[in-house]
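In the two assemblies presented below, subunit A is common to both, partnered first by subunit B and then by subunit C.
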Partner chain A sequence: MTEKNAAGPELACAKCQQALVLGKVKASYLGNSFEVDLLRCPGCGFVYVPEALALGKMLQVEQALEDK
Partner chain B sequence: MDGQQVKLWESRCIEELPPACTAACPVHLDVRGLADALRKGDLPAAHALLCRFLPFPGIVGHLCEHPCEAPCRRAEAGGAIRINALERAVATHGPAAPTFRRGRAQERKRVAIVGAGLSGLTAAADLVVKGHEVVVFEVGPQLLGRLRDDPRLPAAALEADLARFENTGVEFRCNEESDGAALAEQFDAVYLGTGPATSPIAIDPLTLATAHPKVFAGGSLRYGAPYSVIASLADGRHAALSIERMLQGASLTANRDNQGSQPSRLYVNLARHASMPPVAPADVSTGYTQDEARAEAARCFPCHCLECVQVCRYLEHYQGYPKRYIREIYNNETIVMGARKSNRMIDSCTLCGLCAEVCPEDLGMGEVCLSAREGMIAKGKMPVSHHDFALRDLAFSRSDAFTLARHQPGHDASALLFYPGCQLAASSPDHVARIYAHLCARVPGGVGLMLGCCGAPAHWAARNDLFAETRAEFRAEWQRLGKPPVVTACSSCYRMFADHSPDLPVESLWTLLERIGLPDSIGVPSRLTIHDPCTTRHEHDIHASVRRIAAQCGATVAELDGAERTTCCGFGGLAQFANREVADKIVDRRIGQDESDTLTYCAMCRDNFARRGKHAVHILDLLYPGGDAAARPDPGFSARQENRGRLKRQLQRDLWREEMNEPVADIELEISPEVHADLERKLILQDDLRQVIRHAESTGEKLLDKRTGRFIACHRPVRVTYWVEYTVENGRHVVHCAYSHRMDLETKP
Partner chain C sequence: MSDRLLAVTESVCPVCLRTVAAQRVATGDDVYLHKRCPEHGAFKTIVWRGLETYFQWGERGSRAAAPPVTETPVERGCPHDCGICPEHRQHSCCVLLEVTQRCNLRCPVCFASAEREDSDPDIAEIEAWLRLLQRHGSPVNIQLSGGEPTVRDDLPEIVARCRMLGFDFVQLNTNGLRLAKEAGYAKQLADAGLDCVFLQFDGVSDGVYRRIRGANLLAVKKTAIMRCADAGLGVVLVPTLVPGVNVGEIGNILAFALARVPAVRAVHFQPVSYFGRYPAAPADRDRITLPEVMRELERQTDGMVQASDFAPGSAENAYCSFSGKFFVGGNGRLHAAAAPGGGCGDSSSGCGCGLPAADDAAQRARRVVAGQWAAEAAEAASPDTPGIGIASFEAFLANHRHSFSISGMAFQDAWNLDLERLRECFIHVVSPDRRVIPFCAYNLTSASGEPLYRRPHHECALA
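So, the complex of A and B:
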């Protein structure tokens, strides 16, 4: 679930006025958790999930965990 | 799920039973498979199949008494398939039959066959294939002596069949007298197939065992006259099976219930097949040409039941049939490790009951799926995403935003209690207010009003806890109002009350209206096709009342498949939330059945039809005509909730004279029709969007996309994170897109 989109510099945290950078994020669902690289604000840690990820790989993982 | 119950369900799906022809054939030839290969013009496949089932395809092709043809269901639609003529064509035009393949037995035994007739040679063939050493003793000079005199059988066909013994090691001793008892001393087993007996011996009809444990007997020695090719062949086969079992020390009798000629329970709907006469061969003496055989084989339906699969897009979608589904569902529940792959399939059934209606054995998949859902809930294995949205909508309908229970203004008792239901209030709140006013005017003694949800979504989600809570809330209010008889406008509410609260007197609004009289409105002549909600499937009084009301309103109503054969609109069983694709297939087939506008009397049916582009009216649109009701769009999930809240406040204001203020939205949204449709598909409410934007604007937590100039923000009220891309224009929040996910994300330090 790595966000390879190079949108990082184009996306800025409105609060911290900083461009997003790739960083480690803990993703968890139904008691399972794992580490992923996602764009986030280096200041406040706001994590960005693009639509393609939410409705793509992330949805697949959610459904797989629900069926476990 | 109870294992015994599962077996019972499985046994009621007859799709896997053999067709009548195969069941009637003493060796259960796969006639359907044979016809299928021929229909496709695949002669080698047809030939291979025939040689797999029959040791002597040429002989059978020319001489079989074909007991398969009498029960052929094609007989009732033009004439039975000429199965034996097909066999003959396959044997004649096909390649040389392959030799028998000598098997490798664990323990190779020696078997003596006495009599080289059809039963003896069949036993010899089957036993050599099993890997045993076989010696055939024949008192006459030739193998198959009796058949050589039959003018119908060309010598070449007989010799071609016998050639299958080449290089198998079977030893043939012709012109040799032999004695069964003596052979039993030298061999491990003996089969007697010596033809009509002068002194009859006792032979078990199932196992062909005799009093001697090593000796078996069959063929015309057993059944006498008249001689039958297929009966002798079957005896040889059944005796070989017994000998093999005896040699292995296995039970002779176990699992032989289906042995031999049988009737079949497989149902075939002949109405689906036009009559078609058999193909006559141009030359009777040579039989079918390959083309003639292909044409005759194409007359085979083939026999299948699949009645439910034909009428249900859900059952069709998963490419199986109930017996297979039930097995998968049971495996899904009992699986210990690995993915529960059938969860979504289980949750995609609308529970509408149409399958049971068309099933010759009354098997309903709804019952199976609901039971499976209960199992999933009990084990904590129900995927939360399948029903979360619908159950939150139920929670809204149970909340103070919608619930209301009052006597009619100016009354302290109720002769009746009107229960419009959550979805009619969501779809046409004005109709609820108007029909309630009509009831109040016509019914003496006061008509109470209760707004709420009957709990159907909880029942369909197998959330029996929630369902019980919802019913308890209803009962408490109903008791407080003096337990008046309940009148429902929604057929799902009617179903829930009638099925789950047997002491609750319940009537449909439509039968009541006929009794008390319709509102004074001018009927507008219209031509409509009626769609009955699936929850009224067997409610004949309701069907009749609705049709009479429609007629009184000036509508000419056409039928589709009749009220009892109606389908679901996709809402039933919460299918549209668990599987939008399947639910859309169901409603799309229904609306494609007919060009006319649809008349229904369920708000969800009407709105789902509208959502998929069908013009549809609710019966209340006929009672209260105005505007282009048939073209009214599906309000969508957000408006459904807003309409319920607004209806409650309107009634409180107008009927009970209470001071009610309409809430003012602090966040004004601007949503294009395209984005609106996308939000509906994604089950995102405008209220969810407002929460995100409110959160972003109050905390400043949002992103700015420099390429598009849009803000991107998210908020996670409980279990779902919602994302919105928006811009602010003239104080309004223009929503460009929104989406959600359930996974929780946390920045690692």
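So, the complex of A and C:
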């Protein structure tokens, strides 16, 4: 399932002022990696994690990994 | 049937509470505690129905460890010197703070005789308790208990105070009434730093609640669990098992819990024990022992859970508890996981939340959401579907097997008290006069209801 990025206006990296672009990101936690599509800064590599994701699915994944 | 002496230990006379010699004796497949008071005669109480597990549990051996700090001298002998005294053989793992003696229910089986009016210890006093525990060095889990702790409006502040003083695991023992009735309350407690809720949960029918708690409470329990789930608070269901009342619901309680994983993380069974006034000794048929609970678990789940999946708890005396770790498969069925290891909080023997102790640090870190993740660009190619894609998270979560614990602890009363067990008790209570007292000593009452330690708060001179 893919969630549409409904963010509307383009987001920019606070440090580099460059527009964030959608790209494949390898996110890892406690040695487990996941390939996800997130907004990244092409300049510094900063990855933008929407709050809803951080507090939602991503937190669930964290908890699941810690729970092992 | 011929009797067979299994072990010698000590106990108390249920009438006068003096320390007396006691023996564990097997009669057929059952183990009884025999004792005699020079003044009040002989007593015999069932303690373990099933010799095979009795010997298995004995094999674990003692995990005895001297407490790092003791505060009271050995004078009159166990169990009369608690505070902790140097004879004690285990550290504090969980410490109960009775933040009130008041309650919003009237339960016939309640430990705390739940007075309606009383003066609660104020926050400064609770902080003094916490500082006392800090002096004991080793980290302990805090259980906020009572009475019913949620009758205090400053409970979130108490939780926050525990966390502020460096106690990393705070659990709440509650009947769930306020959690259910007040939307936002669970969230308030979670925000204050509460980790987990031990919810009294005696069965899945209102009849059980009416008999044990004097009110229809099933709907309340369901709502409380839902609210905890929404607030991200882990829940452990805690049934008090009473023969003839809810022993037949063991399987249904487990099924109810499994349907609510991961909000519900564990079920912790507590066979009923007898405190307060009992002019006649409670009959053996009014007791269910731990091996019977394990057998009922096997029987009532048609073997999904096996009695052999269980082992003694972690650090307490082996005969105090049983514990099993499972994971929930995709079909919602339980599968046995690794045997529980040693250490405080590793089992959920009334302590901890079904999570290994090592995870506590991780749990703390959890509050810094996403801060622990590492990210790097994978490949330069743009995703096929425009938009944020988290399919891999979802796939992982769909296949993830949640862990689940089932455990039980047999609290002791004046009839079945075994001082060998009590000396290794790791669940302690801070008394109003600021002593640290093993739980089963703290709650002990003689047959006439005279307490060994517990005094109503208002009788104590508080600083």
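The rule is short, and it goes like this: the second predicted complex is superposed on the first by the 61 of 68 C-alpha atoms of A that agree within 3 Å, B and C clash if a C-alpha of one lies under 4 Å from a C-alpha of the other, contacts with A are read in each partner's own complex, and residues count from 1 in each chain.
By our rule, contacts are C-beta pairs under 8 Å (C-beta built on N, C-alpha and C of every residue); 3 or more make two chains touch, one makes a residue touch a chain.
The structure presented is a predicted model; accordingly, all values stated were derived computationally and were not measured.
Enquirer: Go through the superposed model and pick first if A:44 touches only subunit B, second if only subunit C, both, or neither.
Expert: Touch status of A:44: first partner only.
Enquirer: State whether A:10 touches subunit B only (first), subunit C only (second), both chains, or neither.
Expert: first
Enquirer: Tell me which partner A:57 touches in the superposition: subunit B (first), subunit C (second), both or neither.
Expert: second
Enquirer: Which of the two partners, first being subunit B and second being subunit C, lies in contact with A:22: first, second, both, or neither?
Expert: After superposing on A, A:22 lies in contact with subunit C but is clear of subunit B.
Enquirer: What residues on subunit A does subunit C touch that subunit B touches too?
Expert: Overlap of subunit B and subunit C footprints on subunit A: residues 23-30, 35, 38, 40, 45, 47, 49, 54-55, 58-59, 61-64, 66-68.
Enquirer: For subunit A, which residues count as touching subunit C in their complex?
Expert: Touching subunit C from subunit A are residues 1-5, 22-30, 32, 34-40, 45, 47, 49-50, 53-55, 57-64, 66-68.
Enquirer: Give the list of subunit B residues in touch with subunit A in this complex.
Expert: 339-341, 343, 383-385, 699-707, 711-712, 714, 721, 723, 737, 739-748
Enquirer: Could you list, by residue number, the parts of subunit C that touch subunit A in their complex?
Expert: 262, 355, 359, 362-363, 366, 369-370, 372-383, 385-394, 396-397, 400, 402-403
Enquirer: Enumerate the contact residues on subunit A facing subunit B in the complex.
Expert: 7, 10-15, 20, 23-30, 35, 38, 40-41, 44-49, 51, 54-55, 58-59, 61-64, 66-68
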